[in-house]
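Two complexes, one shared chain (chain A), two partners (chain B, chain C).
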Partner chain A sequence: MARTLINVPQKAKRGEVIAIKTLISHVMETGFRHDNMGKAIPRDIITSFVCTYNGEEIFRAALHPAIAANPFITFHTVATESGTIAFRWTGDNGFSQDASAKITVG
Partner chain B sequence: MTEARVHRRQFLRSAAAGAAAVAFPAPLLSQGLGPPVVVIGGGFGGASCARALRRADPRLAVTLVETNAVYTALPHSSAAIAGLAELTHQQFSYDGIKRAGVNVAISAATAIDPQKRTVTLAGGARLDYERLVVSPGIDFRPGAIQGYDEAAVNVMPPAWNDGAQIALLRRQLEAMEDGGAVVISSPVNPARCPPAPYERASLIAHYLKSNKPRSKVIVLDAKEGFTMQKLFEAAWAELYPGLIEWVGLSNGGALTAVDAATQTLSTDFDKYKAAVANVIPPQIAGRVAELAGTADRTGWCPVDPVTFESKLQRNIHVIGDAAIAGAMPRSASAAHSQGAICAAAIAALLAGRTPAEPALVSSCYSLIAPDYAIAQRGTYRPVDGQYAEADGGAVISPLNAPRAMRKDEARQAEAWYRTITGEVFG
Partner chain C sequence: MHKQPIMQATRRAFLAAAGGAGAALIVRPAKATPAAMTAAIKQVVGEAQINSGKVKLDLPPLVENGNTVAMGVSVESPMTAKDYVKAIHVFTEKNPQPNVISAQLGPRAGKAEITTRVRLADSQQVVAICELSDGSFWSDKVDVIITLGACLEDNLI
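Take a look at the complex of A and B:
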């Protein structure tokens, strides 16, 4: 289980632009490095990040080997209705991690 | 131009008149005969360099320009904050430097002209130089922390090189009620004295343990790790179990905003309410580095490693924390030895000789309790145009050392401090 941090405002006004911040602890091993025996270290990265707002996809990112460990992703959206903002990170070796937060829109 | 010369003579006359009153006027008699060298910044780098210039060639007319009449050292400041030492123990006047035959101008440089080779001071006086040394230390990167304005600085002080702020932080600790959180924010590198925030956390924990045991220290860190981390964490577990919480970058430790009114520190993911807050902001080379045109886009100053001459301005040398010196840490000790090496190089260049290849040393002690210290010592030599660790690399105190060794390092730390401040300011 990777550790995730998410920051979604608990409350927002309808139509307000809100900032969402996420961070996941992950090595993001590029696959380009070798260990001290000269053996290639297999690639182990997160390849995809998806955010849904009450089930509807509002943000997606594709991640590649150049991205540093512990990817920090922040973006904005418009608060439309109360509900759940959910996050899913998926990657190599069947990696999958979920997180979510409630938001009240008034 | 004529007017400028008059200004300079007037200034030198008045500076010499001031200095002539002290006990050893003899060295002053030989001054003004040799080429003028100006040093801006009277910290461990600049003050050391000014003295070393006079030693290297007593004919040199050396002027040290410094804004403050009293210097407050960062080494040892955490002991003062934690009530283990008096603030005066780390404050120094420039009398010793005047006695060494250096003209000391307590003033701010307002302009530097690298073509005409002049430095203008706040009063309008102008100093000519053959070689200029800038040792401007660090400034805090403006706008790096939202809400950290002048009012916030007076509530959540850096206490980094300001005596009044060090005293304020100590008073705040003494006044705080038991059960509160002392929040320290530690900046990204490069920064002045990388282990200092953790020494500070340690000594504040020492104060809290004996005086306010229900309180704790939270370190919000903009880095994923820090220097000698294993040694610090082992010592914290042994001496201050449960008292110090370290929040690294991937745990959301980077400080983004403060609210002085509520003493709240915000990171990307959390808010921390502080009873006492010590905000140490991200840093760049001190103001004079930019004035001299020696700072590049990083905010720091690239230099030639043999002479410390700026790679951006001829005849201007940059030493101390402001300089990009490769693997050398930004420590008082490094600045002190850079000052000496730079002075030797300048004396050689002015005499038409080739400066010798330098080897520099840096020692850095971190006090974790009054009788418990750890150290990092290294020798550094230029390799491919930049300083690299030499002689097998830096030596750090071992992780599983007996307490007697930590106690011995604490004694050495005190001896080191007395020696370096004696050499630079005594």
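Take a look at the complex of A and C:
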């Protein structure tokens, strides 16, 4: 379970461009660092982030080790209809985390 | 007391040997070279020509801590069904890997602007490339100076 923080406006006018801000707690271990014994720390990152609006994909990002710990991603979308904006992060070692936010479009 | 010179010599020899061995043993993570970045860009762009303009890569010119650097990429585009930004890619020159993020957008984005936080290992050039719906590629480059690079503090966990 990773903590997520989503910022989506609760209400929007139809056709309005809204900003979506997402944050998830994750170490994003690069795989390039070594521990005190000089042993390489295996990579453990989130590799993919997908956002869907009422089931339709509106944004997708492939993340690499160069993304800082606790990935913070913001992007925009047009508020078309009321419904659910869902987010999914997937990564190394079977990591998967879902989150969603409701939006009312009037 | 007559043993001291020998001790010193041994110590010196030991340190020299240890230092030499240490230097040989420490393997820094391989850094992506500008050539690696070019290769990574080519993988995305293919043989298409990259124009400069339209994209704005927003990075502070002087960064104190490379572990988290706020980065924004925005593209001038009407974002209509016929003319929109398909993808935004960011590459670095000297990070261990050239790729940073590849974002896929669509006409529903309304505004082609993304922000995130990145790690930068060294003072280097960062390149943002966007792909428009008509298949053209546009890029912007920013030179960043890093005081404290990411990835280097191996023991700080």
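FYI, the second predicted complex is superposed on the first by the 106 of 106 C-alpha atoms of A that agree within 3 Å, B and C clash if a C-alpha of one lies under 4 Å from a C-alpha of the other, contacts with A are read in each partner's own complex, and residues count from 1 in each chain.
Just so we're on the same page, contacts are C-beta pairs under 8 Å (C-beta built on N, C-alpha and C of every residue); 3 or more make two chains touch, one makes a residue touch a chain.
Predicted model only: the values in this text are computed from it and were never measured.
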Partner chain(s) touched by A:R14 [first = chain B, second = chain C, both, neither]: neither
First (chain B), second (chain C), both or neither touched by A:K102: neither
Greater chain A contact set [chain C / chain B]: C
Chain B versus chain C as contact partner of A:F72, first or second or both or neither: both
First, second, both or neither for A:S25, with chain B first and chain C second: first
Residues of chain A contacting chain B in one complex and chain C in the other: 69, 72, 74
Partner chain C, residues of chain A touching it in the complex: 17-18, 30, 32-36, 38, 41, 53, 56-69, 71-78, 80
Residues of chain B that touch chain A when the two form their complex: 224, 249-252, 268-269
Chain C residues within the chain A interface of the complex: 25, 29, 67-69, 92, 95-97, 99-106, 108-120, 150-151, 154-155, 157
Complex contacts: residues of chain A adjacent to chain B: 3, 5-7, 21, 23, 25, 69-70, 72, 74
